[in-house]
Amino acid sequence: MTFALTPKTAAGRRLRSAAEELIPVFQERVQAADADNKMPGENYTDLFRCGIAAAFVPSELGGFGLESVHDWIVGITTLARGDASTAIAINMHLGVSRGMAGAYQGSLKKPEVARKLAKPLEDIVGGNMLICATATEPGTDNLHPLTEAKPVAGGWRIDGQKIFVTLSPLATHLGMNLRMRDDEGDHLVTTLLPMDTPGLIPQDDWDALGMRGSGSQSVIFDGARVPPGAIRKLGPWGRWSVGMVMNRALANLPLVGAFLGVAEAAYDIAVDQLGNRQRVGKPVAGFSGVQTLVGEMDIELAKCRAILTAAGEATDRFLAQTRQGPPTLEEAHELMKDYQTAKWVVNRGAIDIVSKAMDLMGGSGYTQRHPLARLYRDVRAGPFMQPFAPTEARQYVGQVVLGHPPVD
Amino acid sequence: MTFALTPKTAAGRRLRSAAEELIPVFQERVQAADADNKMPGENYTDLFRCGIAAAFVPSELGGFGLESVHDWIVGITTLARGDASTAIAINMHLGVSRGMAGAYQGSLKKPEVARKLAKPLEDIVGGNMLICATATEPGTDNLHPLTEAKPVAGGWRIDGQKIFVTLSPLATHLGMNLRMRDDEGDHLVTTLLPMDTPGLIPQDDWDALGMRGSGSQSVIFDGARVPPGAIRKLGPWGRWSVGMVMNRALANLPLVGAFLGVAEAAYDIAVDQLGNRQRVGKPVAGFSGVQTLVGEMDIELAKCRAILTAAGEATDRFLAQTRQGPPTLEEAHELMKDYQTAKWVVNRGAIDIVSKAMDLMGGSGYTQRHPLARLYRDVRAGPFMQPFAPTEARQYVGQVVLGHPPVD
Amino acid sequence: MTFALTPKTAAGRRLRSAAEELIPVFQERVQAADADNKMPGENYTDLFRCGIAAAFVPSELGGFGLESVHDWIVGITTLARGDASTAIAINMHLGVSRGMAGAYQGSLKKPEVARKLAKPLEDIVGGNMLICATATEPGTDNLHPLTEAKPVAGGWRIDGQKIFVTLSPLATHLGMNLRMRDDEGDHLVTTLLPMDTPGLIPQDDWDALGMRGSGSQSVIFDGARVPPGAIRKLGPWGRWSVGMVMNRALANLPLVGAFLGVAEAAYDIAVDQLGNRQRVGKPVAGFSGVQTLVGEMDIELAKCRAILTAAGEATDRFLAQTRQGPPTLEEAHELMKDYQTAKWVVNRGAIDIVSKAMDLMGGSGYTQRHPLARLYRDVRAGPFMQPFAPTEARQYVGQVVLGHPPVD
Amino acid sequence: MTFALTPKTAAGRRLRSAAEELIPVFQERVQAADADNKMPGENYTDLFRCGIAAAFVPSELGGFGLESVHDWIVGITTLARGDASTAIAINMHLGVSRGMAGAYQGSLKKPEVARKLAKPLEDIVGGNMLICATATEPGTDNLHPLTEAKPVAGGWRIDGQKIFVTLSPLATHLGMNLRMRDDEGDHLVTTLLPMDTPGLIPQDDWDALGMRGSGSQSVIFDGARVPPGAIRKLGPWGRWSVGMVMNRALANLPLVGAFLGVAEAAYDIAVDQLGNRQRVGKPVAGFSGVQTLVGEMDIELAKCRAILTAAGEATDRFLAQTRQGPPTLEEAHELMKDYQTAKWVVNRGAIDIVSKAMDLMGGSGYTQRHPLARLYRDVRAGPFMQPFAPTEARQYVGQVVLGHPPVD
């Protein structure tokens, strides 16, 4: 287990330990969820029961009091060894609840506000709030959402369409970015609304190659109403701002852990089974070619783990610095670059590790219901995670290095 | 279409032209076959109707008179652009029927023998003979089959198990390698028997990640009988002989074409759709990152095509030389090395091309019933094709280069 | 020698055979040339003596009558196994003399013109004309040369600077592209002038990491005069035209062969020496890790050879078609794409093969005067060859695939 | 500078800071040392003056009191940005002096012994002791040295040959592994002897492709005498023991940092110069292809840094655990596996980064005296560092993973 991700904080150790216990439990349900293209609801009961869903809730409100992004990544990686669909789904909830916990803590000097902000966090602890999130729409990118909030009497109405709304079949609430135009300009804003809001219409259309248990259906918004205060500005629509860069980097970095977890699961299956396998009467673990390929797989895994550890630690350092004052746009892009680097390396490395595990297992891993076959399908979701697309990521990194980050 | 495989002979051009006409026909049926995990029987009606199933039958008996292995590869590559499962299935039939055509032509000076050997070839032309083949068993390799023919009164009885018996649900006959021991030693032999032979028990157990329409079920042999003359010696059991090296190389090289065909299909889907797609109002074909990734995909495809062309041509040259006299074991290993080289490059390249097409298509290619999702599953079957496993191929090539090919 | 390049024409076979004889001769001189940073003049005496320098001269004038670009590549690859610096240097001469031979053959219906055009070809046969060529200038690219021909009384005067003027220390003449502006516009033109032209000032400044025997000094033009008819228009300055695309592709494609030749030389050194080497008393050729790495090196070499063969054949087919009529700009870009593809694959593959040979040889290959150390330095020149730079090539290929080749 | 190695301890910060100051100083001397194939003696004066040479000497004796292997790596990486030859040379000295510091600290309860062991450490602080080390011999590996110590009256006599004795032209002492046979068996032992020992005959034969300033000449031992107590047993000759595994891993891991430093230097050159460069009148930093390649180079650098950080931290954790008790052989192999993993990734990554820097710089980086050309030659020394050879490393990693580490 060299170079394996290791939590740095006490809350992180609680999270990892709870997640580890769920690995075998999730593994028992994951094949059926995959076959039936259905979210395994009991997983979420477990995630609430053991406190993972409330990981970011401050301990005085009953949560783990998690603060480290690095340790959040460790948690997602661990869960994904059991079920990657569940890992990416609960990550949505954790990302939004992390923001809510931050807002609560920022309000502690104003007890009244704090009491109000504590309410949803207590709901999470109580198992009554589960939040999905999305930033994806067809034909556009994260920076240019077309789903729009327009002012109406008593608040806003939202119209548009979101896709890949992971976790939405079970969620009670949905967080998302959207467009809003007012006298001051054209804005990127964020909102949170109950899933039972009239005009929020889930499409029950998720039927994918992999991540089949993640419930990533699309959702149509047809005049969905939110109250006046429910919208928060992130920055200008269509232009990278500090708020938007940080929003996208922090929400999505832990998702990378899910694909590392998939790779670790594939690695474990291959190494375990090779230990017991014979060919023409000889243990295959003694074959030089098997050893070489296992070595290549192990090296690839070490790379992925090391870079994700480094990205998690860099993010925690970055956030510690921003407590002294907000980052510049340039600094925010450095954070995004670290995330993109880790994403590029881990997504590609994970695909490679699963492929090597397939090579090692031979035909038996190719049967429809073999866990490795599912991992082969799940792992391919990694590169789609936004931003930036595989067609953009390398150039983005170079632009930041050369001092020319993209503007829009 | 640069570097695309091009037939070298008139028979090859007929084959390719017939195969090209079937691409759209097969594409219409392939998604249902994949979803239902069922062989598309009509494809085989078409393959007989248009003459492809009889490609190796000499023209005087009604076939195309195909002789070039290169052009055989071109045919399989072309069919796989429509349906890779069908391409690998009919390849089994073609491999065995090529051997039968060779035997017939070698017998022309003995009209009586020739007449007898012409019979099954005419059956193929008439659509009455469809031959599957297998060399794979669990827990062993091509050189050490455990399925065995033992002498009994009136011939041989066969006991054992074969897996990946592609095409067997529709086949009328089955060709395979097996073990046979007699006073002269321990032999690798080959036989051909009707699928309705008592004791030949298909298991109807094919349910794989990909190549779902290939019917690659397992078959149990429980005292299946074949007549005295039905067994032909290839060489010693458990040792590489000229016969065995050539048998394995020639049967399997064209399978590599199937995975090139899968890559070509994925490439075509990506390039076609990118031409029509917009993002944030701009044509994506103008994005530098998209162009770069398309370039990388095109270069990878060029590599695969060039090496498969080279391997096909080298094989035809090799066979032309062996008409002057049988090859040495060393020469046979050179042929096998060429095949392994092409297999290594194309299988890995095809996986990479499909992966790049996925990157280019984004989330839309990740839906369960998208052709690209099927190609992603189909293409992963490439590395399993025997011999040699991905754990063995590189070392095998090096052994031949260094003058130490494996003995057993 | 699987997949090794093989000449397709009788003239090509003569060329290859003559080149093969020179391999050991060149190898004897190459280390001294490298150490002394000096062109090995005797190599050129040999190249004239054995007819290689006159390969493109029609046989009725005393040359080989070479026409196939594929076979030209074979010749350069073969020479580079002996000395890559000499191979790229003589390639310049061959490229220009090929154009001269084409002009002569196009003139055969006008005997007077033909007689005039035969003269320099006869000079080549007689060993009296050796032509270097260049298209490179600092700070710009092939399409935008800043060296310019301006009309003066009695012809043109040329001012500017060229770099990487390979072969120029020994050449009698120099061919190059340059800029010319007249009433009709801003042109890319080509010219040929004697090396002893006043105002053509060689800089004797070649001192590079590798290709040290290639004499690739820079040349300054300070009012160098050429007669009125010495300038031929290729197309507009700064825009890709059919003429310019073909000029660049045909002049440079065979250079790719030089880097394949370097890789072949490195491969041969490694395989030969491994056959004789022992470690801790055991033959290293029996070590599984050595076999695996040799296998990887062999596969990489096979890839390079196959794609260069394919590119050479495609070019010959292209030229055969253009005899029926000039190509469109789109078709010309297809040719350039084939060249870029081969260049990308072979240059990178050759670097990889030399690196693997280093890995196989261990410390002994790392000594200053070991042939492998020179090959390690020589092979790195590959990616600089224009057009397109390594920063451009992948995108260029994608642009052509997507139907958007670069305009300027 | 994302993911850049960062010291973890105060001593490490002193080391890094001192090393950083030497970067420009070393850079001024490095080209001449490379050109003249000579060690830059003044570098060592500087290394003593600023305390780096005494980094491992406890602070009470006047050193930095460095303990962290991670921070040792940081120091070597930093020095190598200035001059990689000097970095690998001083690393030999540091490795041996680290062992001496450990022995001194283990003796503190016995003041007399401690006083004796303090002496050489004080010599280091005083600039009077500089130690080179070697474990390499021709035709054998680290585990099977043929240089042997045989008992003679008054101690031992040593006969044999060592190669790659880096730093030996300037060293006062030489540490090495060798063979010793006695009644108890056949042993691997270690010794330290003055360079002016009669019978220790430096060969002044270092003339390599790169690392030319490292003084890595060979040394012949012809009856060199050492006193009775100068030999310390590591384990059995020819078999991996805990002592030998740890000896090899700890001595060589920091060398990996030297190749990371080379990569960082190449990266810096490329990024700096691209910022100032124009092509056809446009800043190249704005070209999409340049940005993409810079991004690829940056991602590769991030990988190398992350894995080396991880390996350094894992080593420090390992050593902290062994303070509680000696490791098992299995645990020692885990340490070696981490080192091999980092070595594999960083050596190959560094070669790739330098190659990408070359691609980015174009022809200007290819001139003989350009720093990048030197880095291209220096970086290739990485894979030779023992153990394990590039032909062995992947299989070794797999063997450890599968629970079958090599025995001999």
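By letter and in written order, the chains are A, B, C and D; residue numbering begins at 1 in each of them.
Keep in mind that, in the parts below, a residue touches a chain if its C-beta (ideal position, glycine included) is under 8 Å from a C-beta of that chain, and two chains touch if they have at least 3 such contacts.
Note that the structure is a prediction, hence the values are computed from the model and not measured.
Any chain that touches subunit A and also touches subunit B is listed here: C, D.
For subunit B, the chain whose average C-alpha position is most distant is D.
Set against one another, A-D and B-D show the most C-beta pairs in contact at A-D.
We define each chain's centre as the mean of its Cα atoms; on that basis subunit A and subunit D are separated by 40 Å. Subunit B and subunit D have Cα centroids separated by 51 Å.
The set of subunit D residues touching two or more other chains comprises 288-290, 292-293, 394-395.
Interface residues of subunit D facing subunit A in the complex, by the touch rule stated above, are 2-3, 271, 274-275, 285-286, 288, 290-296, 298-299, 302-303, 305-307, 309-311, 314, 334, 337-338, 341, 344-345, 393-399, 401-404.
If you check the complex, the residues on subunit D that touch subunit B are 288-289, 292. Within the complex, the subunit C residues that touch subunit D are 37, 136, 139-141, 144, 163-164, 207-210, 212, 278-280, 287-290, 292-293, 351, 355, 358-360, 362-363, 366-370, 373, 376-377, 380-381, 383-384, 389-392, 394-395.
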